[in-house]
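One chain, chain A, appears in both complexes that follow, with chain B as partner in the first and chain C in the second.
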Partner chain A sequence: MTAALMLWRALPVLILAALWETAARTGLVSEHALPALSSIFAALGGLSAGDLYYHTARSVGRGLIAIVAAIPFGVAAGILIAWYLPVRVLLNPLLQCLYPMPKVALIPLTIIWLGIGDVSKITLIFVGALVPIVMAAFNGARGVDRTLLWTARSLGASEVRLLWEVVLPAALPEILNGIRTAIALAFILIVAGELVIANDGIGHMINMWGEAGHYPGMFAGVIVISAVGFAADRAWVALSAWLTAWRQ
Partner chain B sequence: MSAPATAVPGAGAAAPGTGISISRVGYEYRPPRGRPVLALENISLDIKDREFVALLGPSGCGKSTLLYLIGGFMPLQQGSISVNGRIVTAPGPDRGIVFQSFALFPWKTVIQNILYGLEKRGLPREECRRRAQHYIDLVHLRGFEDSYPSQLSGGMKQRVAIARTLATEPGTLLMDEPFGALDSQTRTIMQDELLSIWRRSPMTVIFVTHDVREAVLLADRVAVMTARPGRIKALVDTRFSGAADSAEVVRSREYADAVDHLWTLVREEAVAAGAGGRP
Partner chain C sequence: MAQSIEAVTELSRPADRGERLRRFVDTFGPFITVGAILLAWELMARQQIVTPFLLPAMTTVAARIGDDLISGRLLLDVALTLYRAFAGFAIAAVVGVALGLLIARFVTVRWFFDPIVSFALPMPKIALMPIFMLWFGLFDMSKILMVAFSLSFQIVISTWSAAHSVEKELVWSARSLGASDRATLWEVVLPAALPQILTGLQVALPLALIVALVTEMIMGGGGLGDTMLQSARYVDSPGVFAGIVEIGIVGYGCIAAMGLIRKRLLAWHQESSNGGTM
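Moving on, here comes the complex of A and B:
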C-alpha cells in the first residue's frame, strides 16, 4: 500500500481528530466531558510505560486465555450438535438460553461463585466467547455440501475421519468468522469485568481515573484498549485470510 | 407404458453374484417443506460384470437419484440393489462415483484431492504419488497439481473429479454426466481415455449423459428413462461388432441407426417432461 493511499484511508479519522481538538480547545464542549486530544495524549505519555504495559498485558491475558479455551470447546460442541441428534437435544436448549442473554448480567453471579479474581473474569469471557463460536461451527457444519460428505464416505472415510477431514475444513470459513465475533465480544467482557471489580487491567485504570476526576487519563485508557482491540481484529482477519487462501 | 425394448433377450442377465442388480426400486423425495416428489418408480435393471451401460433421460427424470442409490448414499425406500452379490446399504470404495457437481474438496489442491482416496487405501506414500501423477497426466492437468479448485475452470474441475475417482480403481464406476462441462475436443479425448481404461480394467460402468451420440459411442447398452417419475422405458443394445476405435464406430451404419432410434425415444420423453408441467 502506498503512503498516499494510507493517508487517504486515515483521512476520516484525522478529520474527526481535528474537529475533536478544536471543539475542546475553543471550549465548545467542557474539558470534563471531552478533554482535548492533545491532553489525552499528554496523559498517555505521562503514564509510566511499565504501568501501561502491565495493565494492558493483564487485560489481554485474560481475554487470550478465555478465547484460546473457548475455540476448541466451541468448535467441537458446534460440530457435534450439528451432527448427533442426542447431543443436539441435550445442548441446544442451553445454547438457546445463553444466546440472547447479555453476558455482563452474569458478572455479579460469577463474582459470587468464583470470587473477584481472574477465575471469575476469565470464566465470564469464556462463556461470552463460546456462544458465537458454537453457533458458527453449528451453522458451518450443517451447511456442508452433501456430495462432499458422500465423496469422502465412498473413498473410505470413517465417521470420525469425516468430521475431522471434511466437516471441519468445510465449516472453517464460518468458524473463523464466529471467532472474530467472539474476539470483539471478549473485549467488551474484559473491560466490563474489570470496571466492576479488579486490581489491575485497563478497565480498572479507566475506573480509577474516572473516579479521581482525571479525565485525560480515563480517555487514554479507552484509547489504549480500543487500539488493542483494533489490532487484534486486524490480526485475526489476516490470519483467517491466510487459513482460507484456497477460497480464491 | 414400457416400450418394446430393443435389447437381445437375456442380454442383461448377470451371473449371480456379479455385476449390478437393481430390482423394483422406487424413490420419493420428502422435503421438510413442500410436496413429496416421486423421482423413481419401479426401476429394474441388471448389469453384467464389466458391462458399460449408459443412462439417458430428460432432465429431472431421476438419473442422479438412481446413481445415489447404487452408491448407497441415500437409504433405499423400495426394492433392492446389489453390487457383486452384496446388498447395497452404505457407500464403499468398491463403487467410485463422479458427481455431476464435481464435489472437489475446495481446501485441497488438485493432487491432494486425488491423493485423498489413495491414502485411504493404505498404499505406500510413493505409490500414491505415482498413481496420482499418472491420473493427473491422463486427464491432461500436468502443471496444475498444486492449484486449488477455485483456480480451475469448470472443465478442469470435472477432470480432477474424474481422475480422483479413477485413481482408486473401483470395480464399479458411477459417472454422472462426467463430460458435461468439457469442450467437444477435450470431450472426445476423454471419451477415448475412458474407453481404453475400461477395456484394460475389470470395471462395470454406469454412465449418465444427455448426449445420445456419446451414449451410443461408449456403451454396450443404453437405458432410456421416462420423464419423472423415472422408469426404464427401453434398453437398447449398442455394442457394435468388431469396432475397435471410435472414429470408425461413428462412421458406421449401425451407429447412425442406433443414434436415430434413441433420439426418437428420448425426444418423446423430453416432450412428456415439458408437457408434464414440472414444478
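Moving on, here comes the complex of A and C:
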C-alpha cells in the first residue's frame, strides 16, 4: 500500500480526531467531559505515564497467562469430546451449562473463592477463554473430512497419530478462529474484572483516575488498552494466516 | 481401546447400534451428568469437604432461589437486567443493521466508516465504561448506551458482509425489472441477507447480557449483576451461587428465545423459496 493510499484510508479517523480536538479546544464541550486529544497524548508521556504502562503490563500479563493455559486444555478437551463417547457424556453437559452463561457472572465467585489478586483474575479469564476454544475445537474435529480419516486408517495410522496428524491440522482453522474469539473475550474479562475490583491493572487504574478527576489520564488508559486489544487481534490474525498458509 | 465415534460406517449392524447409543447419549446424557454434578455438589457440601462458605449446599442455594422468587426480588432483578440488555440490543440492532446496509450500498459511507469500524471492532469497548459514567451518569442511560455501543460494531460488520454476499443476479434481475432503490433494498437485499443478519444478532445477544451485568456490578442500581456483587461484598456465598444459577438460566433462556425467533423468521423465508419452486 502506498503512503497516499494509506493516508486516504486513515482520513476518516483523522477527521474525527480533528473534530474532537476543535470541540475540546474551543470549549464547545467541557474539558472535564472530553479532554482535548492533545492533552490525552500528553498524559501518555506525562507524570502518570509510568503508572499507566506498569498497570497495562500487569493486565496484559494476566490475560497472556490465562490464554496460554487455556489453549492446550481447550483444544484437547474439544477434540476429545468430539472423538470419544465417554468424554462427550462426561464433559458435554458441563460445556452446555457453561456456554450460555455470561462469564462475568463468575466475577463475584472468583472474589469469594480466590480474592481480588492475580489468581482470581487469571482463573476468571481462563474459564472465559476456555469455552470458545473448546467449542471451536469440537466443531472443527467433528467436521473433519471422513475420507481423510479412512485413508489414514487404511494406511495403518494409530489413534494418537490420527488425532495429531489428521484431525488437529484439519480442525486448525476453526481452532484459530475460536482462539481469536477467546482473545477478544479475555480483554473484556480483564477490564471488567479489574473495573469491578482489583489492586492493580489498567481497569483499576482507569477507574481510579476517573474517580480522582484526572480525565486525560483516564482517556489515555482507555486508548492504551484499546490499542493493545486492537494490536493483539491483528497479531493473532497474522499468525493464523501464517499457520494455515500450507492450506493454499 | 476406545472406539472412535466417527469410525463407524452407516450400514453395518454395530454402526447402527453406535448410532442409537449416540442418539440416546445426546438426548439423555445431559440430564444424567447434570444430575450427577448436582448430587456430587450436595454430597461434598454436606460432608463438609469444603467449608459451607466456599461451597454452600445445593439445597441451600435452591432454597435461596425460591426465597428470591417468592419475595419478588428475583423477578425485579431479572426484569431490570433484561430491560437494560434488550434496550441496548435494540438500539444496536437498528443502528448496526442500518449502517451495515448503508456501508454495503454507498461507496462514500464505506470510505468513511470502514477504518472506524475496523479499528473499533477488536477494541475492548468495556474499557469506555468510566467515560460513559462520566457522560451519562450512573443510571439506566449509561448502562443501555454502553450495551448498545459494545454491540453496534459487530452487528455493522455482520450486516455488511451479509448484504455484500447477496447474489448479484437477484439484485440485477430486480433492477432490470425496474425496481427502485428502496424496493430493491426492502424486497430483495434485506430478505436475502436476513439469515446472516440474524446470525450476527444471535452472536451479539450474549454479549448484551454480559455488558449489562458488568455495568450493574460496577454502577449498582439493581439487577442481577448488582445483587450478586452485593452478595459477594457481604460474604453471602449462597447469594453468589444463587446469582450464578439465575444468570445461567436467564442466559440460556435468551439464547433459546433467539433461536425460536430465528426459526419463525426463517420459516417464512424457506416457505417463500419452496413456493417459488412450484
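Methods note: the second predicted complex is superposed on the first by the 241 of 248 C-alpha atoms of A that agree within 3 Å, B and C clash if a C-alpha of one lies under 4 Å from a C-alpha of the other, contacts with A are read in each partner's own complex, and residues count from 1 in each chain.
Note that a residue touches a chain if its C-beta (ideal position, glycine included) is under 8 Å from a C-beta of that chain, and two chains touch if they have at least 3 such contacts.
Being a predicted model, the structure only gives us computed values, none of them experimental.
**Student:** What is the contact status of A:E31 with respect to chain B (first) and chain C (second): first, second, both, or neither?
**Tutor:** neither
**Student:** Just to be sure I read the superposition right, which of the two partners does A:S154 touch: chain B = first, chain C = second, or both, or neither?
**Tutor:** It touches chain B, and chain C stays clear.
**Student:** Which partner chains sit in contact with A:P169 here, chain B, chain C, both or neither? Use first/second/both/neither.
**Tutor:** first
**Student:** Using the touch definition from the top, say if A:A184 reaches chain B (first), chain C (second), both or neither.
**Tutor:** The second partner, chain C, only.
**Student:** Applying the document's definition of touching, compare chain B and chain C: which contacts more of chain A?
**Tutor:** Of chain B and chain C, more residues of chain A lie in contact with C.
**Student:** Classify the contacts of A:W113 with the two partner chains as first (chain B alone), second (chain C alone), both, or neither.
**Tutor:** After superposing on A, A:W113 lies in contact with chain C but is clear of chain B.
**Student:** Where on chain A do chain B and chain C both make contact?
**Tutor:** Touching chain B and chain C on chain A: residues 146, 153.
**Student:** Quick one: in the complex, what on chain A touches chain B?
**Tutor:** Touching chain B from chain A are residues 145-148, 150-157, 165-166, 169-170, 172, 244-248.
**Student:** In the complex, go through chain B and note every residue touching chain A.
**Tutor:** It comes out as residues 68, 71-73, 90-93, 95-97, 99, 101, 103, 105-109, 116-117, 120-121, 148-151, 164, 168.
**Student:** Mind pulling up the chain A residues that touch chain C in the complex?
**Tutor:** 9-10, 12-13, 16, 32-33, 82-86, 88-90, 92-94, 96-97, 100-109, 111-113, 142, 144, 146, 149, 153, 159, 184, 187-188, 190-192, 195-196, 202-203, 206-207, 209-210, 215, 218-219, 221-222, 225-226, 229-230, 232-234
**Student:** What residues of chain C sit close enough to touch chain A in their complex?
**Tutor:** Against chain A, chain C makes touches at 1-2, 4-7, 21-22, 25, 29-34, 37, 53-54, 111-116, 119, 122-124, 126-131, 133-135, 206, 209-210, 213-214, 217-218, 224-225, 228-229, 231-232, 235, 237, 240-241, 243-244, 247-248, 251-252, 254-255.
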